[in-house]
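Quick one: the structure is below, and I'll ask about it shortly.
Chain IDs A, B, C, D and E follow the sequence of writing; residue 1 opens each chain.
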């Protein structure tokens, strides 16, 4: 807990980062940068969890554990995603998301 | 009272004959069919005569009144406890009389046809249908209730259809049969609705209740009013519409002249003697109802009859097809019968019109059948229907000539032939009731004499045509019926009809009213003489007269363009005006609406395909904004 | 802790054991003989499926982190059956066409571990378990989706799946974090008991719902579906369309009926909204599809639109109807995909046009396809009729007549495009129809199981009554 | 074993037998034998029913059996019959038997053809014996869906379009219908919170609130009405009938359309009498339009099947009209009309099929004088036509008269005018029937090829004779059939009249 | 002092986040992401979640970012400038994101959270270790085990994809 800083501050921060991440996800043209935006989103969630845990429910460490697991899963997700992106890159020689539109309609 | 149960044999033997000939007809020698049919009608005739004899000789008589006897009645279809269609037999003076008429004429026609139809490919079919017709016609007259009448009415109609269309490979015959059926069917619609209304207000179909002068039906009749007339009147007018269809009253007469496309014996049987008088018969059957509870309807009938009669008589003067002349003459005579009914009252002497109508019906059946059979004989000989192609036939066909002359005299009302007696009674009845109708009937009498003798002279006198193969007298099987019917036309006038067939069953005395009879005969003679002057010798006079009449003649010759009006109504209005638009509407509007729903779905489906653009970020965008929309939506609901 | 209680989680344990066996076999058997593990594993999985049906007590483990009830066991069994069919159907594909036979073990391992994830998800008592389960069920699958040899479409599908999934799980997590903040716990039981009626919890619910709806491919979170289904290998598609979707629907049911029971009003209206959208959009897109897999993808979206009919109103019988619906949907869709897989693996043809005249050469396949499609369309006497009927009845019982009506209209539209495929197979003439496809025993077995399921399940009233006895008291 | 169960079981077994048959001969024989048994059973059922009634059984429904099916929804498989359903079952048995005979020469995929045909029949039989709305609906849809394949594969002309249209319209109707059924179900709890039921008899004992009836009566009536070719939802009928193969047209017009009428009577009217009385007028207007409109539509058609399809619209409109009159006589007429029209139209379609096989056209403009070359078929066609236009002595007359007399029992102007309008159809019917007969059979032979065609062969003759026999039998002696039916109408009419 | 550091960290998080999603050079974006993660790790430190912060540093900064940078190296030129997103796309996305943020922040600010608890957080390594292996209430042994399956499965999946190339 940080003196003089209210919970809402953290939450607004988390929300902003979350939507910045979403904005990035929606606009970045590169698959890998999209993935990075997704990481932003996850991190925003972590901030939320940690803040809640600290400010409201410090008796248990639920928020912290959740954040831990999120980090772990984010890692696996990135691993798989990167491998798929690379395999795609090998096929179409591009990681521009707008060129990934063979499947449509 | 005698039990008349044996009459049940009549319809059955005819029905069996129809089915047997119909099913097995093709497999046996044609003549066998003819003989079988004739035999069954012969049995019918014998039974009819026995019945008539025993009925009129007292078996039907109680206290001087001829009773309605129902020897047989069985439930056929039940609507409610009261509304029941029975199949039964009702004997009263008119039905017994009709039995005699039908069986006699039918037998004569059968015998005649044995010779006339020889060699026809549809020989068995013809006799089978004749049996069917006779069956239906007899069923019609002996019906115990109005619905039974309706059933046989329809059957009569269909057998008429079948017989008119006997030469079914001839388009004109097919068209004529179709026309006959549709027109009468249209009239029957009125009849049916009439029955429905009648049964609804009286609660019964049964004649014995409907026509009981003291019964509840007549008492209830005039209570409810609709558009100024009592409902009963409306119902009876509608029933009369059916009668008008069958009996070819104006304006539903158009089918009858065309019906002459059928074989001539059929015309004699159906379209002269029996079926066409069914309308008259039905009015007579319901007469107490008409007379006692809806006199307005009866008036209406009288005037329709008079108009039709005059109208047809005028047309008959101009026609050149001999069968058509006879057809219009038939229409005219039936109109006269209707007129007679229209001027009649119920009960005792006041029922003179009724009695005269029946009397005329009876006589007319005989001499008109005779006329047609003679005409058939002539056509058989010269192979043409056209008057112009005939002339001078008296030398070749003496029997036909004489019998035809007898029939002409009878129809013209020259004493002592039968027509004179019945026509006299009609004139008397009209004179007593309605002077206008009396005058009209006098004119008709004159016209009748004129056109009949025009026909007679044109066929048997006039010029001596050159015939390719010289005409010869018909074989005996055809000649015998002619002679029999001629004999009948001579004597039936002397039957004391007023004692036997009256509206209330009680007989009364009639005698010839010379004050009316003499002028009538004079007028008739005048007509005959005019015809003789114009047509006995070949002369240009008739042409000159027609030329001077100009468009009026054309108007009459074209039968007042009634056919064309009908054609306009059916072709232009029904076909092109209703049916074609309905069919168009169905395909284009209703159906396209249904198809349109499908098309719109497809259209939307094509339009929204860009949502699925393949762009991952668009997917994500839809997902996020969709979520936000759902949030807003839920917030909105939550705040409410 | 009594180790006997571990039997509660026998599904997961047995599956883990099988997964382990896969790894061991994969390592120990040479590449040449690797095909031989297919029957072994299929039999093992069959045993697992049977074992799932043995009645065992239910309860919770790990301090409430994990819990089972009769209905969750049933759900797992249903998923087991589905996976068994998928495995049987994919045997032929594995032998012939996969990325090289050395990956057979990998395939089995991923499918089974994905199933483990689903089982844990269904049995979770805590959002953490739920989250891990859902990720375990998704992430490895993306790898399988992208695994098709030499097809760029496969990789594209994989990218689309994993990135969309990343986004959706981010959204889901954000919702969970808000829920944690407002309710103070991540345990289902605690959350359920601490609901107040406020907008933030509602917000949290919608975020979580979005995450799950993504998996069920409910409109507007469905757009990935068609592309991924089309791009993925057919057998993976059938796994995605049936097992993934089914498991997500199960957990949605459980969450709504337990955790989010307190805000029923909110989710009723949300479900109403998305249900109408899903059915309609799914149908409209399905109408004009040319590729059979894509077609089935949209059909499965439309089918997903029917699920809310049973949930809405929150009645126990609706719950049963949804479970029943998914059971029958499983057989029907696997039947359809089985046929598509058989044809696609043998000839590589996937266009509906190419199915023209199929009946003249492949009677059996066409018949199974027709049965499946009729079942999907809800035509008697096949099972789909019954499940749809019960969904409608449940919704009508709650008074949602208008929704039922819209659903019925949509069912009629769906009949149209199902009939288009039937028409292609039976009516359309084709000079060069797909030649007779030689099916191996596995494919035949898989299709026969589906056909029997489609025909028999509907008439057996006892099945529905059994499900309903399990859901009794869920409300 | 229960006779009613056998009625469903025999077709199912027939389907199995056909599916294991190898040669065409075996397939045909299995179908014919199976449907022959079905005919025998139906006859037996008629007599069993009569015997039961004679023994003084006055229950509304006889041979009632019920099995628990989906307990959770309180769905039973309930079966039972009354006079109405027995007579319709007999009709179905006759039509399917003759239908199989007519299809004797189906060569293309004959196994599939007969299987579909008999599956369809199973649906029809099941529909008529069901006392439970659930199974009724199930069988309803079961009867509709094989139609798609039957028309699509073995049809002629724009068959795919027609098949799709027919199926979608009927299934759309069944969607509406289902909503109605669900509405009934939801409101069928005897007491608040009680068990809901699909059972028709149970529901009929309840008084469903008026506001509920007002919503669901139109749904039910339209749902069933579409199958009964209710204007403006009849457009599937011309296209469907004209494209369908002969036996299917026979069955569809002969039997399936009757399911619509039966459903309207048994479900819509019986279970929701209040709304039937209140809202009946809307449908009376629609059905009156159907009757006249169909008849007018038939006049200008050129395709034999189209003529008959429009004629069916008209005749089936009469059925619905009669049902709406909620009068016993006209209801009786409605059932008679269903049977009569079923037989007659089956005969028509059978004949059209036979003629088409010979002339390879159905366009009447190219035909003429066929009576000369195929007198048997010609006469049969004429008889069918005469039955259609309501000639006494054939079945159509009896039915129509019942309808008219019954409808005329209402003494208010609206009903009267409607009745008169409907009556007028007998004239229009005569016009189009005679037009067809005249152009098709009479007149000179238009095409020299027609001189070579042969008259009917044995199975065709058998079909025709059976149907004509039935038509004439009913027409000559209608009383027993009318009595047979009318007793079963009592509960329905009683319920309707109690509301008034 | 604490507050100043806090504000610095917060503004670091926000600025680097924005830079991550806007930078036109992909490698820089990755580095900005790294900084953002570092800042948030700092935040976790300030909140006494040392273990979490450490994991954040090692796994995220150490693992994920390295992975990402590797993949960037594999798939694009380092100096390559990314195309900017279209105006339409970015403005629509901005609207959606902004709308979402507004709605969420509005709801959060309107919500009255329970009073801040003064309970002590025992985030010592020992406690974390104990809980991670506990199977009682608030024990995380089961997720811990399951996540191992997840890691394994992901590995297998990645191998399947990678292996394909070798098979080729």
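Definition applied: contacts are C-beta pairs under 8 Å (C-beta built on N, C-alpha and C of every residue); 3 or more make two chains touch, one makes a residue touch a chain.
Since the model is a prediction, treat every value here as computed from it, not as a measurement.
Note on connectivity: the fewest steps through touching chains from chain A to chain D is 2.
Highest inter-chain contact count (C-beta pairs) belongs to A-E.
With centres taken as mean CA coordinates, the chain nearest to the overall protein centre is D. Taking the CA centroid of chain E as reference, the farthest chain centroid is that of B. Among the remaining chains, the Cα-based centre furthest from that of chain C is the centre of B.
Work out the mean CA point of chain B and of chain C, and you get 77 Å between them.
Remark: chain A and chain B have CA centroids separated by 97 Å (rounded to whole angstrom). One finds 70 Å separating the Cα centroids of chain D and chain E.
Rounded to a whole number, the gap between the C-alpha centres of chain C and chain E is 31 angstrom. Annotation for chain D: residues touching 2 or more other chains are 168.
In chain B, 598, 609, 612, 614, 616-617, 620-621, 624-625, 627, 631, 635 are the positions where the chain touches two or more neighbouring chains simultaneously. Of all residues in chain A, those touching 2 or more other chains are 11, 18, 21-22, 25-27, 34-35, 56-57, 62, 65, 69, 73, 76-77, 80, 83-85, 87, 100, 102-104, listed in ascending order. Pairs of chains meeting the touch criterion: A-B, A-C, A-E, B-C, B-D, B-E, C-D, C-E.
Interface residues of chain B facing chain C in the complex, by the touch rule stated above, are 598, 601-602, 604-606, 608-609, 611-612, 614, 616, 618-620, 622-627, 629-631, 633-635, 637-638.
Looking at the complex, you find that chain E touches chain C at residues 103-104, 107-108, 110-111, 113-114, 134-143, 146-147, 149-150, 152-154, 156-161, 163-164, 167-168.
If you check the complex, the residues on chain D that touch chain C are 68-73, 75, 134, 137-139, 141-142, 145, 148-149, 152-153, 159-160, 163-164, 167-168, 171-172, 175-176, 178-179, 182-183, 185-186, 196, 215.
For chain A in complex with chain E, the residues that touch the partner chain are 1-5, 7-9, 11-13, 15-24, 26-30, 32-33, 35-37, 39-40, 43, 46-47, 50-51, 53-62, 64-65, 67-69, 71-80, 82-87, 89-90, 95-96. In the complex of the two chains, the chain B residues touching chain D come out as 26, 75-80, 83, 85, 147, 150-152, 154-155, 158, 161, 165, 168-171, 174-175, 177-178, 181-182, 185-186, 188-189, 192-193, 196-197, 199-200, 574-575, 578-580, 582-583, 586, 590-591, 593-595, 598.
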